[in-house]
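Next up: some structures, all given as structure tokens.
Shared between the two complexes below is subunit A, which has subunit B as its partner in the first and subunit C in the second.
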Partner chain A sequence: MKAWLPLLLRLALVVLLVAFVTNPGWFEPLLKPLTENNAPVIYNQGSLLTLTLLHLRTVLIATVAATIVAVALAILVTRPAGAEFLPLSRSLVNIGQTFPPVAVLALAVPAVGFGEKPTLIALFLYGLLPIFENALTGLTTLPANVVEAARGAGMTGWQRLTKVELPLSAPIILGGIRLSVVISLATATIGSTVAAKTLGEVIIAGLLSNNLAFILQGGLIVAALAVLIYDGLSAIERYTARRMGREAA
Partner chain B sequence: MIEIEGITKRYDATTVVDDVSMVIEPRTVCVIVGTSGSGKTTLLRMINRLVEPTSGIIKLDGADNRSLPGYELRRSIGYAIQGHGLFPHRTVAQNIATVPVLLGWDKVRIKARVDELMTLYQLDPEAFGPRYPHELSGGQQQRVGVARALAAEPNVLLMDEPFGALDPIIRTKAQEDLLAIQKRFGTTIILVTHDMEEAVHMGDKIAVMDAGKLVQYARPAEILAKPASAFVETLVGASERPFRLLSLGRVRDAVEKGSAEGEAIPGDASQRDALAELLWSGRPALPVKGADGKPLGRVTVDGLVKRAARPA
Partner chain C sequence: MNIRFDKLGVVIAAISAYAAFAAPFATFRANRIVPGQARSILEALPATIGALLLAIIVVAALIALFRTPLVLRLAASVVALAALALLVGVAGTFLTPAGNTFARVSPASGFWILIFAFTLLLADVLTRLNLSPWGRVGVLVAASAAIGLLLISGSWNDLSILKEYANRADSFWAEGSKHVTLALGSLAAAVIVGLPLGILCHRVERLRAGVLNVLNIIQTIPSIALFGLLIAPLGWVATHVPGAAALGIRGVGTAPAFVALFLYSLLPVVANTVVGLAGVPRAANDAARGMGMTDRQRLFGVEFPLAFPVILTGIRIVLVQNIGLATIAALIGGGGFGVFVFQGVGQTAMDLVLLGAVPTVALAFAAAIILDAVIEMTATKRRVETA
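The block that comes next holds the complex of A and B.
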């Protein structure tokens, strides 16, 4: 019975989330006490479903791009030919992390204009570090005798990478992607300050009109998404780790 | 035939392998023994070019081993290492099929070869083929490691302390299995170990290395009888020497005329085992039987003790 409880809770959360973004009207009585002066209870300047999907799309695009770049960088600097670029790429990625997302947005707007683009740039830079660090850890802590056996069997450098090194570091790289996604889900809300269509719009509208119900519904949808995606990716990670014969950390 | 000619490997100022020359006859087992840091593993790894020598030439059947790209050379040479190095994300069958897949064999041929090797190593292909390495015992993993090294029917098999991680009982069995398979396929085996017992037991010839130099390269009996230096003598172990010498001989070669009481010992048991049995049971002589169970004669304590003495 105990083992089923977490799964049941997550299932309930999924149902609740889907119901809320598709039929927010059902929840009006619940949120009603949080508003004053007959202000609207449910966000009325756009559909919550559309905003949620746009929010997810922004995060997805930024994460996919960050994954490709971070993993490619990690592969490059772990090859003998690229080893001397390791410190450089590390500091580059660290710089991405030290810039506050708001500063990135402020700097990016004059360059690329308002809308989704500056948000994508900020999320992309923010997502790089955890994926890069984890990919680096994964690729440099492979069991030595397995790598030796791959060389000894006559695999070329490319074959070792695709058949042995990447599959074996997959669970660790996935862990980096998971962190990056969760950070991006939260950070994406700030994108609405530069007119990106994300759930941040609902929160900002609530702040501007002093409407607690708006703030809460925007925040809760983002939180529910983050929890569910985190759990989902953790499960995939554990599954791949088991397939690799390692216990998940 | 493997000809090693004047091979040297230096890392900066340290010379790891120093001007080693030796010839390994085809279809024999050559064991390289030495202490840690003697350069034995580096020498082995230069044969399949996992390490490139600083100078010198290695020829395989007359051809310079640098005439092929390194990865192609390594596909033609079996390689088994300590702790097996199996790919944890691939099944046993996929692990064994590694080199045949790289060589582009067709599926039917690969399946047949994998099944053959697994059967040879007493692993049921149906039961063990789809399992992952971490689901096997240490001894089974080691067998899969050797099966993987032999999968593409290499003429030469390099082994780096392949039995190092096994407990003594499984190790003896693994050594016997390897010798049987070596006879069956006629593979040339070069095996690195630090265990003189293993070297005497497995090797047709033993190469002793010390501080990067080849100190002695000879048949086991000669290494035991005429160690080339004090180092070799220490490695052999003065107190073990007579017993190791006896372990090289078979009982049937020490048979004397006559008969004795008690249970018979088979003719292909080692003379060391026969002496141990005599001493333990307190008898002066043991009957010997052939493979067909017929009595061949007897072995005596006196006869075996004479054989354990340093050869002239």
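The block that comes next holds the complex of A and C.
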């Protein structure tokens, strides 16, 4: 009975979320008390569904790009040829994390203009760090005997990487991706301050017109997306960890 | 003689060659919002000084390119950075027509790329030197002092970012102190509440999952939404609770920003306290119990000191994150450096954006270095003591 409860709650959240973004009108009576002076209750300058999909698309593009670059970099600095870069890459990751997202967004505007591009740049940079850090942890904490065995079996460097090292680090790398996606989902809303089409538009419209209902619906959709994606990725992570016989970090 | 290349040096030499010879060093604009015209190093500086700067860059890049002693690399990066910092101010004075108060000169992509390249070299040298925590703080202090001297000496006064500052000197410091108060105040509140909450979660297992789940969910609410959502309840408190308004609690402004930052700060503090306490070796606890220590003595004498570095790591995460997030407070009238960032974005005046963004980044960076040093010191102290 108890094991069913979390699954049931999540299913309910999915149903609620889909119902809300496709038919926000149904929920109008619920949000009505939050508005004053007959202000519109449901965001009316664009469809919530379109904004949600655009929001997810922005996060997806940035995360995929960040994953490819971060994992490639982590592989590079853990090979003998790139070992020189390992300490420096660690300090760069540390420095990178101190840049506030708003600053990155605002500074990217003169280079690439308003809209989706500065948001993608900021999300990409933020996404890089957790994935790189986890990929590095995964690749540097492999059980030594396994790597030795692969070497002893006569595997080439490439074979060891693709057949042993990467599959074994997959759960830890996935953990980094999960962290990065959740951060990106929330950060993407700030992108709307530089005219990106994300759910932040709804929240900012609410801030500007003092409409609490707008702020709440924008914020809750993002939060629900983040919770669901976090759970989904955690499940995949546990599954790969079990298959690899390795504890997920 | 066996000449060997430094791998990182190849990267540094390549990007600095591009930046020095192909990218613009400074941008000149007739007023603050029109599109600018690019100027290369030789166009932006008097002929001899421009040639001197190019020579310094070439020599420093060559030192980076080959395998050279660390001290030489350190000197090359410091000299190159200092020359760039000094001469960008000279370019400002040189390019601004005498007596013209509308013209703006700002550093362009070439300058920023060169700064990046030689900072990379400096970072690499400092990493390889493996400085002690005090050494790192010392480097930070020296760098801040150098930048402070440049600012006071007025050699950057003809650059556009300082012209924006000159127009807003009073509000700059007012917003700056608001920014710091928001970031540090919410951190202090989070530590005061989060530490006992973390200890409670550690002791009472049934509470742990629930509290951490709630705090996790708060983290998923986007910051601008959380700021906005707090406006209503705080507005209600201000009008209905006697004395609240007198304390400065209002629907918009600093109060919701403070509460939002506080809520975001709780998770790292509580989670790291729980993790830190859970990591205390069982043997240490058993020994303390065996010595007849009470629960309270054990907490303050054994568990807390051992968990301290982990808790500090949580505090570092919070501080750096809060300094960044406080910029968003400007959207709900909470003040802080974000005011300049959003005004600048609104007016497409990038110098104004920089006036808000540069101090924010500098603050976050300094906070990270100082707290990292403190964490390392407490962690090594613990190892020495337990060894």
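One rule holds in what follows: the second predicted complex is superposed on the first by the 246 of 249 C-alpha atoms of A that agree within 3 Å, B and C clash if a C-alpha of one lies under 4 Å from a C-alpha of the other, contacts with A are read in each partner's own complex, and residues count from 1 in each chain.
We adopt the following convention: a contact is a pair of C-beta atoms (placed from the backbone, for glycine too) under 8 Å apart; a residue touches a chain by one contact, two chains touch by 3 or more.
Bear in mind that the values here come from a model prediction, so they are computed numbers and not experimental data.
Will subunit C clash with subunit B on subunit A after the two structures are superposed, or do they fit?
After superposition on subunit A, which the two structures share, subunit B sits beside subunit C with no clash.
Report, please, how wide the angle is at the C-alpha centre of subunit A between subunit B and subunit C, in steps of 10 degrees.
So the C-alpha centres give an angle of 100 degrees.
By the touch definition at the top of the document, which applies to A:L166: first (subunit B), second (subunit C), both, or neither?
In the superposition, A:L166 contacts neither subunit B nor subunit C.
Taking the superposition as given, does A:L76 touch the first partner, subunit B, the second, subunit C, both, or neither?
In the superposition, A:L76 touches no partner, neither subunit B nor subunit C.
Considering only the touch criterion stated at the top, classify A:P100 as touching first (subunit B), second (subunit C), both, or neither.
Only subunit C; A:P100 stays clear of subunit B.
Tell me the contact category for A:E84 with respect to subunit B and subunit C: first, second, both or neither.
After superposing on A, A:E84 lies in contact with subunit C but is clear of subunit B.
In the superposed arrangement, does A:A39 touch subunit B (first), subunit C (second), both or neither?
A:A39 sits against neither subunit B nor subunit C.
Return the chain, subunit B or subunit C, that is in touch with more residues of subunit A.
The partner making contact with more of subunit A's residues is C.
I want to verify one number: the closest Cα approach of subunit B to subunit C after the superposition, in Å.
Across the overlay, subunit B reaches subunit C at a minimum of 21 Å between C-alpha atoms.
Could you list which residues of subunit A make contact with subunit B in one structure and with subunit C in the other?
Shared contact residues on subunit A: none.
So in the complex, which bits of subunit B are touching subunit A?
Against subunit A, the touching part of subunit B is residues 48, 50, 71-76, 79, 81-89, 98-99, 102, 132-134, 145, 148, 158.
Can you tell me which positions in subunit A touch subunit B when the two form their complex?
It is residues 143, 145-146, 148-156, 159, 164, 167-168, 243-246 of subunit A that touch subunit B.
State the interface residues of subunit C toward subunit A in the complex, per the touch definition above.
The touching residues are 6-8, 120, 123-124, 126-128, 217, 219-229, 231-232, 320, 323-325, 327-328, 331-332, 338, 341-342, 344-345, 348, 350, 353-354, 356-357, 360-361, 364-365, 367-368, 372.
How about subunit A: which of its residues touch subunit C in the complex?
Contact set of subunit A toward subunit C: 34, 82, 84-85, 87-88, 90-92, 94-95, 97-103, 106-107, 109-110, 182, 185-187, 189-190, 193-194, 199-200, 203-204, 206-207, 212, 215-216, 218-220, 222-223, 226-227, 230.
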